[in-house]
Amino acid sequence: MNIDEAAEKIKNMEIRGAAKIAVFAVRALRDFALNVEAEDEFDTLISRAATKLLDTRPTAVSLYNGIHYVMKYSGITVNEKKESIKSLADEFIERAERANEQIGRIGEKRIKNGSTLMTHCNSSAALSIIKTAFRKGKKIEVYVTESRPRKQGLITLKELDDEGIPTKFIVDSAVRYFMKDVDMVVVGADTITANGTLINKIGTSQIALAAHEARVPFIVAAETFKFSPKTLHGELVSIEEREASEVLEDEVLDKYSHVTVRNPAFDTTPREYIDLIITEVGAIPPEMAYVIIREYLGYALEEFEG
Amino acid sequence: MNIDEAAEKIKNMEIRGAAKIAVFAVRALRDFALNVEAEDEFDTLISRAATKLLDTRPTAVSLYNGIHYVMKYSGITVNEKKESIKSLADEFIERAERANEQIGRIGEKRIKNGSTLMTHCNSSAALSIIKTAFRKGKKIEVYVTESRPRKQGLITLKELDDEGIPTKFIVDSAVRYFMKDVDMVVVGADTITANGTLINKIGTSQIALAAHEARVPFIVAAETFKFSPKTLHGELVSIEEREASEVLEDEVLDKYSHVTVRNPAFDTTPREYIDLIITEVGAIPPEMAYVIIREYLGYALEEFEG
Amino acid sequence: MNIDEAAEKIKNMEIRGAAKIAVFAVRALRDFALNVEAEDEFDTLISRAATKLLDTRPTAVSLYNGIHYVMKYSGITVNEKKESIKSLADEFIERAERANEQIGRIGEKRIKNGSTLMTHCNSSAALSIIKTAFRKGKKIEVYVTESRPRKQGLITLKELDDEGIPTKFIVDSAVRYFMKDVDMVVVGADTITANGTLINKIGTSQIALAAHEARVPFIVAAETFKFSPKTLHGELVSIEEREASEVLEDEVLDKYSHVTVRNPAFDTTPREYIDLIITEVGAIPPEMAYVIIREYLGYALEEFEG
Amino acid sequence: MNIDEAAEKIKNMEIRGAAKIAVFAVRALRDFALNVEAEDEFDTLISRAATKLLDTRPTAVSLYNGIHYVMKYSGITVNEKKESIKSLADEFIERAERANEQIGRIGEKRIKNGSTLMTHCNSSAALSIIKTAFRKGKKIEVYVTESRPRKQGLITLKELDDEGIPTKFIVDSAVRYFMKDVDMVVVGADTITANGTLINKIGTSQIALAAHEARVPFIVAAETFKFSPKTLHGELVSIEEREASEVLEDEVLDKYSHVTVRNPAFDTTPREYIDLIITEVGAIPPEMAYVIIREYLGYALEEFEG
Amino acid sequence: MNIDEAAEKIKNMEIRGAAKIAVFAVRALRDFALNVEAEDEFDTLISRAATKLLDTRPTAVSLYNGIHYVMKYSGITVNEKKESIKSLADEFIERAERANEQIGRIGEKRIKNGSTLMTHCNSSAALSIIKTAFRKGKKIEVYVTESRPRKQGLITLKELDDEGIPTKFIVDSAVRYFMKDVDMVVVGADTITANGTLINKIGTSQIALAAHEARVPFIVAAETFKFSPKTLHGELVSIEEREASEVLEDEVLDKYSHVTVRNPAFDTTPREYIDLIITEVGAIPPEMAYVIIREYLGYALEEFEG
Amino acid sequence: MNIDEAAEKIKNMEIRGAAKIAVFAVRALRDFALNVEAEDEFDTLISRAATKLLDTRPTAVSLYNGIHYVMKYSGITVNEKKESIKSLADEFIERAERANEQIGRIGEKRIKNGSTLMTHCNSSAALSIIKTAFRKGKKIEVYVTESRPRKQGLITLKELDDEGIPTKFIVDSAVRYFMKDVDMVVVGADTITANGTLINKIGTSQIALAAHEARVPFIVAAETFKFSPKTLHGELVSIEEREASEVLEDEVLDKYSHVTVRNPAFDTTPREYIDLIITEVGAIPPEMAYVIIREYLGYALEEFEG
């Protein structure tokens, strides 16, 4: 598979999920680099490939962080550079893969035996926490939201059912109704900004608001590569709006003259509604996003500071 | 159509909507009364018919208020009683029908030209306000929520489109995302309790919470017969839970071993999230529910106080 | 027992509790009136007796309301006046006694089966609700606060234990810790003002605050004669401060040179922390205090408006 | 005194108070180490002694931090190791002892002349701030809570009276009543977690809530060794529940059939109710707990990260 | 002075202040009526005069209420009508004049000895409360805001200085800074709506917000004729915007090309920031506005309900 | 210009604005140092000059930070010391000057096209953000507050008008009225403390409160040298109170006997009302103040830690 094919797979959403995209792109860039033959254009070709991958999802932070991680490569000869790229890429991939398991291990400690949880959409990091707690023998049950329009709640339902975890399925508008029965909300993250704002699947901020109102702890599971270095430099995260047909079939919409569909993919949750972010390097309050970016994503800041 | 048939139509939801049920039942009771022939069992037969109608939807306040309104009938001869029933029933029906138009007229004054509104589910009282404002030439646009699981938002969509009102359709989980663009939320009511709590379609309280957070006025359109006299006496309003299949098709649910569906039809919104209730007798703060019940629904209190 | 003896019993706290004081004083005034012989000084003697009783506890609203209720008496002859006083006094006493049972009956409807309640100090109206619910077969358990300094929680503990109600005893500082397990707080009232403020045993407002923070319903049980007509006219309720020795034994306090004890008997809870007031005439939001005063305590307003 | 004796003294609460326990245990471990003779089992013996000490109070963070500080020892020969242990232990002890005075010096700057303070229980770090301010000539007065069930407020009362500081003694339920007269609350800490949560004597969170409601600054005095490194890894702090007899004498409790006593020793205060934590290394917002742990307690993190 | 002259005086703000305008217009209408000679056009002429007066300040509620009060006149002969008008007008005038004194008497009871107050703009009802308290011997001091742009604070300053009341003058932007020293805020009202919203001088809502944040009681002094019957019928109160030159001299403004001045005369304060409204008929919570309108302004509702 | 002249210029406010003062004083100290001839008293003379400059505005944090930056100088010979001072001073000056431009560049990314902004007083850092956004072609408009008593809003008005930015000028008391139309508030800073509190021009905290209520982002533009290292050590920032005549002309004030003017120059905004601080090293949440001080102002901490 060449870079164009790889880029295409990300663009058309064949590859989905923040972590999976990052790992996939890093692997593609590594494989591309290892096969480059032209000696004197090496850096240019790598840059071009990196840019092509970045352009597939310009707002995806994990992709950005992954590619920049590899682009720290150094060396004098092309072989040294290839070596460096390979080593960086493998390191990133390995860390990303281990992060999920580490988040589960750290996060499950927050879950008390007998708890009722709520989750939204389908986050492998959030589910890692829930499953780890269950496997450790904790008696839990989980409210799963449908997560319209794409109904990723159904995927979560299946994953939890496969584990044998008792699950209650609800429509998105029933979140506040059941919040009084919930002991903790656990969700994933698309992006976390320098001031601790969470960008995640549409509906997340509404759940956070209802949890805050009821003083139910709201926990975010997020690998460090979900934190956005650019936001430290003021960059606003832009919210992608998806096609109307996810919400309303075209043939229904066509019947109307005055109707438009609005379909934002994500929303933003302010830091005061977030109790804790579980990363693979520890459980932190959202205000610490700045420190995480400085400590773990410094490499991705360089281009701004040169 | 006899009483049993009428009761059946309400029970199986052929007749739907709080106002429609009340009017339908009152009419059925009236027609039944006018046809009663047995002289000496008149009161007993009427009581039985009333009870039968009440039992179709034991939690429907408008039904309760409508039937009790007719049951105020008096008279010595059967003919006098029939006359009394007819007159009370016609009065109730006429008022109910006029209430919608009056609410529209009172409520539309709250809508400023150029406003963006949001509504939920399908409430004829709420839509009366929106349409009246539009017909008076005010330039408005309306966010309409899908209102899962039954998607009554689609009915609202059609009604507004027919009027030519620009409408934006969104999933229920996008409410908070768009709240910053909204100038006023207008919803209907299933029930209003003595302490100003609103019971309405699942999701309503979540919208109220998001409106409150953003300080967007949250307005309820409710005929006086939506106020619950029983709650003055402590009665809790019970929330009906509907069948799972509204949320998840049976064949999907059957595949799982640890999944249940929770499907409450309504939720409760506390009075501090409600700015104003528009009734046909004026725009009042929710705390005034007590006064409305005393002034307009005194007849329905009697059984408790005798 | 003459008026002076009766007054003394109230003053030295032999007779305690807002309801009991009122009934006791009303009875004393009635008995006094029935025995008055001097024809032409009748009104003067009654006024003097009423004043004497009122002066025993100038801040007790129930006493004020009780005495004023009797003082509505009318008549031309002394016999007519005696008749009028007797009838008013008996009416007040009977209503006061029935109120407790009515509050229990109305209030218990708010308690769901399986609930955990919390109560503070020792309020017969609040306990009426709790006991009625339990006697109706509802499975409940109750957190009882110690209620320092006088530890009235111990009296409550005994009353609930006698009923067989499972009870958990906690110190006053543990209220917030356990609030997350509580479904409803039920307390009594010393006074309720025209703007819906509750004056009650010290510590009440702290529980209300913790309940509000956790969104746990906070319910007040209060007979209508606990509402203060004077506050409609601006009067502030003054908070009595009791002797230091209730808090710290004199011999301990004497050892210190720079220590004073502060021992207020009551505190004030603002209306926004109160969900409902259960009176014998219905369950109302606190904002309705004004209407209750107008409707049920109008007689006690007259002196201001003449 | 050997290790077993030392452990026993901590376990039976002869040695009390977070700072005192840590210093005592560190000293015991040092003395033990200096007396070890067996050359080849040195490390094993030290580990065993450390574990024994840790097991006396598995939830005491200061103990954990103190022991881990000493366990950083290095060296090749036993003598080198002993030297290292001695030097680390002495360093920890000296720092702990100096911290109290430093906290007083930093914290007193926050107290304005003429202030009214409130404190809870008996914290030497909090009292260090109050006394330092008073000794610097600031005119202050202090509300002291009784701190049921063990009434440590009496110890605080005595300490402040000895200094000549005007003090007002109140029951725990009067906190909110007097909050309007208070300019600042100063309390100590049992533990501070990675996300800035305070664990302290039962009742603390209630005071924090009342202070927050009244916008009175709530200040925590805490040495850096009160911060919990484990919580960075998700660990929940468990709240010890003490015997019933602290709250209710056994002979009273025995009379009842349906009564249990709940007696948690601590409660948790969320970071949004804390204005500032005064440590010996500076005054920080609670969100900075993470940074304190990283900077000052890194040694205690190692076992997790190896 | 004829009707046109009277109308002109109101329009050009020679007559200012809600109460003064109402009394002035009522007097003008009465005098006009008493001088009408044309027998058969009497009603038409009165209506025309009333309309002319109403049109001078279409948003002034007190004017509306005053004129409608007089327009309740009845009678068969012109003389009877004149008599009726005279009697109604005199009654309104006398009540309006007495209301100020009654509000002072009721409101002063809320002020404790030794209090620090804050007031805004120049309200005679609010000052009536403050002065009455001072004259009763209460030791008070008052923060007075400048009240830009027209600086009515200077008038208040003079009135309080004349009384000998210690006063602190501050700019409008210093309100929050001093709020911690304030025990109560007392302001007047331009209008109060059916749902308890206060419309008053620009800046009022900001003071209310700061008072709410600091939990300082916020009290409104308002005669019953400040309550708006129209709002019960949904009517929105429109906020007058005054000329730019009040804020910026024309010659300054003329120098700029991209600058406009916005100068709203009033703002709106929601009911949750208002603790109490002091009217001449009692101290009520803002939610009671509905009841006040029903009870005291029923006459002004009639035109809507016919 | 010698040190005394320089000090005088700062004291009499000829030189104004936190950044300008710092740069001016640093330059003066540098020039003074370069001209010192006495070899053996060099350090003493420099210290004395530094102290003289610091004493001009003992509460100005930027001045403190600037002077301490230069005082890090080292060297053995006087020439080496001069060299060191020159180099440090030039570095500080250059950074200060570049910071403004960097803040503009980082901050403007937060401003969306079509936004309405609000600013207060006259902050060059805040205006740098606004102007940069406008120059980048973003369509914006700005509410400018008058900023009584010194009306610095007029300077801001002129600066924005010169740029061609559409501006709306309002009095300070109209802030809450217009907040619903505002998308973002941008202000400068006088000082930022270790726990993230903002000290800025009187009125700032009121705007922050109104923005918080309306959930409008509140952004602070602040160079790192505005952060106060001393506050890390508990130091409270004292608020300067200026002369009465800024608020009320002496001849007006003299007419009164009971009036005083209170005129604080600054107020304090708590961190929970601040969304983001834009510094030249990145956009951070206010809780990060501690980290900024540690990382960028460590030099100014030294004197405390020696």
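By written order: A, B, C, D, E and F. Residues from 1 in each chain.
Methods note: a contact is a pair of C-beta atoms (placed from the backbone, for glycine too) under 8 Å apart; a residue touches a chain by one contact, two chains touch by 3 or more.
Since the model is a prediction, treat every value here as computed from it, not as a measurement.
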When D-E and B-E are ranked by contacting C-beta pairs, first place goes to B-E
Cα centroid separation between subunit C and subunit E, in whole Å? 38
Roughly how many whole angstrom separate the Cα centroids of subunit A and subunit B? 42
At which residue positions does subunit D touch at least two other chains? 213, 272, 287, 291
By the touch definition up top, name every chain pair that qualifies. A-B, A-C, A-D, A-F, B-C, B-E, B-F, C-D, C-E, D-E, D-F, E-F
For a test of understanding, state which residues of subunit C touch subunit E in their complex under the given definition. 194-196, 231-236, 271-272, 287, 289-291
Touching subunit B in the complex: which residues of subunit C? 105-110, 112, 272, 275-276, 278, 282-285, 287-288, 291
Once bound in the complex, which stretches of subunit F touch subunit B? 180, 213-215
In their complex, what parts of subunit C are in touch with subunit D? 143, 145-149, 154, 157-158, 160-161, 164-178, 202-203, 205-206, 209-210, 213, 247-248, 252, 256-264, 267
